[in-house]
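Chains here go by letter, A, B, C, D and E, matching the order in which they are written, and residues are numbered from 1 within each.
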């Protein structure tokens, strides 16, 4: 029985008196074979990892749920992007592994792109209008909706640390059980949220993101979408040893990937940044054992030709990390 | 694969430093073919759009749920309108596309008008008596009730921005899934509500209505009922770029129609206004890509003959916007 | 297609500048044929309206749910009435159209009176002990219980205006759907309640009762139990035009009956009053289009012989309002 | 049709200006025949009333749910009683009508005593640790559990007057419906609780217990467990006429038994008291029409031999109240 | 019928004026035969007690749910332990009776160890991030998940004393019923929690743990995981007689084991302590009638070789307590 190499690459970190796990160059990603997947899940994940997008076991996902999560405000930057068909065409023409969106955009538009680009049906969401104090995303769709539409995975947002975590865990469990029953891979958007998170270093702290990664693994995520931790003064508010850890952002992210265990890691794009920064982040993520990226605004807020050019660069990077199917 | 022309008509707006989408004359409406509808939904929507009312792909809907939403107070203006049969006769004699109402008015009265005017069963509602702080409309009927009664669509109110949005999304999802299962078109009354909306420009602001339109699209509305945005000082409280957008009311409404994507747009009538204002609003709405109107008090608060005369004018206008079925 | 005569009898009221609907003598009651009833509902309602009690399309109902709603305190006035069998005997010997009570009194006592007096199973209730701020009556029985026990109708209390209206509407809908499925008539106890009602004129105001009548109609009541509006200074707190309406109590009640549309109206008895007042109220109610009365304390708080004598007078009055089945 | 004799023994009480019902010696208990029971319920109740325990239509029940309700603190008085097998042996050797306990004690111990002493499965409970403000006992078992274990009845606690009464009624209804479906008698522990009860005379006041008895009857209890009312100064806070009633404790209890109607009444033991007081209370209860007693701490907090001796005295008393099965 | 010997060993304790139960050397553990188990439960428990781990009717369980409950913070001490496969290998190589973890770690890793070490699927959990005021652990898995994965038991956390106890009891009941239906043993993590617990001596007080043990028994635990009570000044805040009990920690624990009745007791490890203390605690626990231990951090926070050495010592101790299957 092979021992996963990721945890074997452990090294003593630079933290004061605290052992940690520093990244080695090119961390191994979990293989489909070792993930304990049912035939249905494995078929669909293989489809995403090897048959579409950059392939070679990597993932390049285009999300378009920001219209619901942030409102149409995100589309002013590039007005064409207000039309959901724009993102579909971008995903198809840029050869993405999949496009991720809610039921309305799936039912009204996917029929025109069916089979040309794989679909990830996002199953829960909320608006940004009311207070986020008890952050919770209600279901907008179901695993059966995803099956009916020919999707290859479903997406679910867990707000780790929210006072509403009990409702969230319960709702997730039902989705996870449907996904197990129907052989549908489940991608968890693992987002730290809430007052208690804010008090312990904030939602971008290593403490919070590390915890979120582990929660996703323990709850049953096949893939987990994580933000890149931001090292800052606020880390001092995190519980020990996080408050005194002396690690780089890359080391921090590697730690997070390890905490996700055999859940594949997708790196979140967040707000639009420059090309160079973006590509550097992608390389660092892949070096740390991430399986891919899920970038929305960084792509569809750019003019189409710029977005496609950037996508070609992403494909080139991903080619370096390609591995044959196990 | 045809690219929808609506988003193709984008133009640089007059906003300070912010790109927006200005209306061209006569915006194209989404066609049934491109909406990804099941056979059942398409059959019923075609029935409403082409076989009844003004036809030609337009909608003229008479709502009579104000007795529940506002109380019988709305019927003092025209006492005859207190009798629900009055509205049925008005819808039939004025050749409306459909009448929209709750289960009690459907069960007790529709049998006398069955087949003469199509029925939209409104599925949720509330009274205006208790506080609106956590606005939420509970179900009063089901999609199966609608099927049993021979309805051609169901209506559902989503309070976008309410703190109760999680319950609302969850309830809507169940209705949407029933509607998908039974091939029943679903019309969303998309209403911004709640304290957070009030703080960000109010429920009539472009910010709020634009967001509401997109939420309806993403959640799976086939048709969405929207209010016409009102430009006012309060827009300054909206998030950027809404707080500095320099657009006319028509441009604002066009933006909203675009945000609704492939959900057909119905314009709400609101409180009674003069004939000229009303007809101008209808033309502007149709020019901006709306599919039709849903006017209640503006019709049944007028004396019957005046209402019928106004209806004839509406038919005339709609004739100008008629398109053959695709 | 016949136009209902009730709304045809509209007259200009005495209100300052506001049109209203004044009662004509002997308003028509909705007929079973026009109510859109299923065969099961029509059979059972016909049983109540024509085969038992005063008949001729009228209803004389004896309720005995006060032990739950108010506690046994209501039985001190006439101690014999503490025994539920007392009310059954009164209903049977006084030839009532039906007796209305909760599951416990139905299961333990109705078997002795089965078939001798029709049963209305009250399906929800509460005690008067805790605060009424969020008034809500939970289910104590089901439509299937009613069918099993041979009941001819079910009763349900809606607290119109309560902050808990969403739970109430939802619970009512489930009951209404069971009633539709099983052909069981549903009688709504439509009670205005809550802080917002108190602020707008109170639970006995025309505003509140008029709204309650309409809510019952729109939600799907076959019969609605309403209190007689009390005209008072507090009406000034009601929304316009209610705050300036100049109508008599009789005109106010007629308005309420019209708002109930094709839901048959039962007038509530309330606290015990003198014989003359009671009979006058009955006549006025029937003149205004009520279908019958539901009097509890006014009957079983009187000594048995007095109650039976009063019942005979009620039968005499009802005979004047008898109509043949349509 | 026989008129129940209980209410026939009504007499004018000693209250100032208020009529009440004073106890006659040896009040009649409701018979199985008049209770409208299904065959299953009647079979099981007959088993408890005539085939086990003192018989002759009486009930002697040993409850052992205090470990959950109060904690193991109740077992310090008689350490042997910490072992649930102790109570089973006491119930068997003392020839009780039944033992009443929760699922865990039933599953782990009843198999050794199966058929030797009847089982009442208590279906809901709570600990005494958190605040009692919104007292509510969640389900710990189901009617189907009871059937599976061979129980002859189920027990359910209703907290009359609690702000959580809506959840309680709803939960009770589901249990009651299962019990009706499966022919299982249901015993209601009717306990007044909550701030509003405290303000109106307290949980031991006649007002509160009288109301609780009636609630149990109306909700569908076959048997109701009630506390003996305590007359005190606090009665002055009860609503009229309770605040001025001049009745003895025995008269008060008789009133309560009458309010329970055809629900059989079990008197609660409460905290441990002396033998003479206990036996006097039992006689007074039986004279007032109670069907039996449910004494826990008063038995298993005594040393085993004392408890058995006391039980023999209870059997002697019950023999005086024996009646043949109707 | 054999009388269980545990309660037979009762002795007068040293408490001032209060009787208690002092431990005799080598208390008897409940046997499978007397626990009233179904065939399925007995098969699986026998598997854990006799066929794996130290055997002889003892249990040595390795839990790894701390990643969810505390976050990855617990893995800094021994970085290798961040990889869940590490714990699986430790459980297998150290010959544990079972490993206990959540669905994600079961689905992703157990397939590699299936059949080599038994699985206990932990069914509910929460993070430590938000406030613990209304402590409640939502479901992360189901009994059916456990069956599908080949588990031999399920684990469930009850927060005894939490204001959310009603939801907890209700959720537990559903799990317990599934476990009864499918013959799956259920292990309860019985944890006192909440403000009221804090006020009455705290979560480590004998009062709280004694109550927790009894709650687990009454709710239907087959096995209960308990903390060792800590005697401290805070005991004075406990209700009498706990506030004045003069018992050693061992006597206190023995009391707790007795309160658990026929639920087998597992002693919780808690935070990492030295070897000598640990082994002493194990012996004392087993002497008091515990069936085994469930130690996590005390094992996997030690370097692997130290952990395995310690495990060998635990096996030696357990050999002394081995009993043949009854």
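Everything that follows uses one rule, which is that a contact is a pair of C-beta atoms (placed from the backbone, for glycine too) under 8 Å apart; a residue touches a chain by one contact, two chains touch by 3 or more.
Worth saying up front: this structure is predicted, and the values here are computed from it rather than measured.
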Shared chain contacts [chain D and chain E, defined touch]: none
If a chain touches chain C and chain E alike, it appears here: D
Mean-CA-position distance for chain E and chain A (Å): 36
Distance between the centres, which are taken as Cα means, of chain C and chain A, whole angstrom: 58
Chain A: positions in contact with at least two other chains: none
Overall pattern in which the protein chains touch one another (line/ring/star/complete/other): ring
Of chain C, residues touching chain D in the complex: 65, 67-68, 71-73, 76-77, 79-80, 82-86, 101-105, 107-112, 125-127, 129-131, 136-142, 145, 148
In the complex with chain D, residue positions of chain E that touch it: 1, 3-4, 6-7, 10, 18-21, 34-36, 160-163, 165-170, 173, 176-177, 180, 192, 194-197, 200, 207, 210-211, 213-221, 239-242, 255, 258-259, 261-263
